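Just below sit the structures, each encoded as structure tokens.
One chain, subunit A, links the two complexes that follow: it is found with subunit B in the first and with subunit C in the second.
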Partner chain A sequence: MDTDLIFKIAILGIVVSVLHTVLKQAGKEEVANMVTLAGVVVVLFMVVQLINDLFSIVKTIFQL
Partner chain B sequence: MLKLFGALLVVITGGFIGFGIAEKYRLRPLQLRAIQSSLMMLQTEISYTATPLPEALNRVAARCEFSAKELFAETARGLQKKQGLTASEAWASTLLNWQKKTVLKPGELSILHNLGEVLGTSEREEQIKHLLLAREQLHEEEVKAEKDRSKNETMWKYAGLLISLLIVVIIY
Partner chain C sequence: MEILQIVGAALVVTVLILVIKPQRPELALQISLVFAILIFLFMLDKISGVIKVLEELSGRANLNKFYMATILKIIGVAYIAEFGAQVCRDAGEGAIASKVEFAAKIIIMVLAVPIIVAILDSLLKLLA
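Now for the complex of A and B:
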């Protein structure tokens, strides 16, 4: 299990939140929401492999 | 090591792009203001001292701010060459060269273009009216530009850096 991914997601979260604040201050709230959503999607793509692994492990444990 | 260098390059480039866009927003109201004040000086030259146009343009160029200076100095030079150019022709050709160096929008340039057409061809009262009109229109544009600046300048300063940081984090 590598901890790299966790740090990567943490940095992504910080940057996205700052960008959200800056955009909101500039009065572009739709864009800010879009950026946040895009950030969530990107992080989801990063962890989708791990979630897949988790499910397969659960499957093998319960022999489904 | 190479990866880190590349990441640094992306961040620096993104930051510069963001700062460049922010700089454009910052300069627009400043340049509009400079042009307005120089038009004001030109109006004074025409109405109170009735200076001949090339000389008046030169005097204005000597006193006005950085971005408007060239427009007046160049037009005066065009007139003083005595190649049979009318004032409006000299003004228009200078404007064509000058617009590459400014961040003004086509609407504002057309205000200046329209002003040039009456410059030196009509009587004094007429010219002063047109100068007033041009200044009023430019002032409206300045108010708009100022609003744009307050909205976008800080945003672009941060956004360039932050977006490039995002790109780096995603593909690192």
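Now for the complex of A and C:
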């Protein structure tokens, strides 16, 4: 059970949300949105890679 | 026992998701998606073990290889469709989830047609 990926994403999520609120207070609304978007995209890359692994494994196991 | 690890990890991840959900709901969904995949990868060797036993049994009972392969395909399609539909439903997209399930039903029906035809043929042979 390699849960390091989960904790990586969780930490990234918390950092992004904290950054978002801090930047919003500092008045830089658009930068905050950029940071949020960047965070989501990075996490999406990781998740898509994992989904790709899952699909290839299911294809081999169930001979789809 | 693996089940203890799984339940422990599931509780931890659920709490983690609750922490992140208010601020970043999209990241929370991705965390639950990652955890679902990790559980499948964790149970992988057990699944392949069961499939090997089934294949070996069907080989001994010299069943036709085609039927076993079709059954495995249907199980695979059902698993992936349920996986996708459940993630969509968690995100609140019930409509997309039902469309995925609808497509999965059609695909499974298409996969099952050869077996149905074979059964009917053998039935007709018996009757005729």
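Basically, the second predicted complex is superposed on the first by the 61 of 64 C-alpha atoms of A that agree within 3 Å, B and C clash if a C-alpha of one lies under 4 Å from a C-alpha of the other, contacts with A are read in each partner's own complex, and residues count from 1 in each chain.
One rule holds in what follows: a residue touches a chain if its C-beta (ideal position, glycine included) is under 8 Å from a C-beta of that chain, and two chains touch if they have at least 3 such contacts.
This is a predicted model, so every value here is computed, not measured.
Asker: Quick check on the subunit A-based superposition: subunit B and subunit C, clash or fit?
Answerer: fit
Asker: Once the shared chain is lined up, is A:58 touching subunit B (first), subunit C (second), both, or neither of them?
Answerer: A:58: touches subunit C, not subunit B.
Asker: Go through the superposed model and pick first if A:42 touches only subunit B, second if only subunit C, both, or neither.
Answerer: first
Asker: Is A:2 touching the first partner subunit B, the second partner subunit C, both, or neither of them?
Answerer: In the superposition, A:2 contacts subunit C only.
Asker: Can you tell me whether subunit B or subunit C touches more residues on subunit A?
Answerer: Ranking subunit B and subunit C by residues of subunit A touched puts C first.
Asker: For A:27, select first, second, both or neither according to whether it touches subunit B, subunit C, the two together, or no partner.
Answerer: first
Asker: According to the stated criteria, A:16 is in contact with first (subunit B), second (subunit C), both, or neither; which is it?
Answerer: It touches subunit B and subunit C both.
Asker: For the overlay built on chain A, what is the smallest gap between any CA atom of subunit B and any CA atom of subunit C, in Å?
Answerer: After superposing on chain A, subunit B and subunit C come no closer than 15 Å at C-alpha.
Asker: Considering only the contact definition stated at the top, list the common interface residues of subunit A for subunit B and subunit C.
Answerer: 12, 16, 39
Asker: Please output the residues of subunit A touching subunit B within their complex, sorted ascending.
Answerer: The touching residues are 8, 11-12, 15-16, 18-19, 22-23, 25-28, 39, 42.
Asker: In the complex, go through subunit B and note every residue touching subunit A.
Answerer: Those in contact with subunit A are residues 151-152, 154-155, 158-159, 162-163, 165-166, 169-170, 172.
Asker: Give the list of subunit A residues in touch with subunit C in this complex.
Answerer: 1-3, 5-7, 9-10, 12-14, 16-17, 20-21, 36, 39-40, 43-44, 46-47, 50-51, 53-55, 57-59, 61-64
Asker: Over in the complex, which subunit C residues touch subunit A? Could you list them?
Answerer: So the residues of subunit C touching subunit A come out as 5-6, 9, 12-13, 16, 19-20, 23-24, 26-28, 30-31, 33-35, 37-38, 40-42, 44, 47-48, 51, 69, 72-73, 75-77, 79-80.
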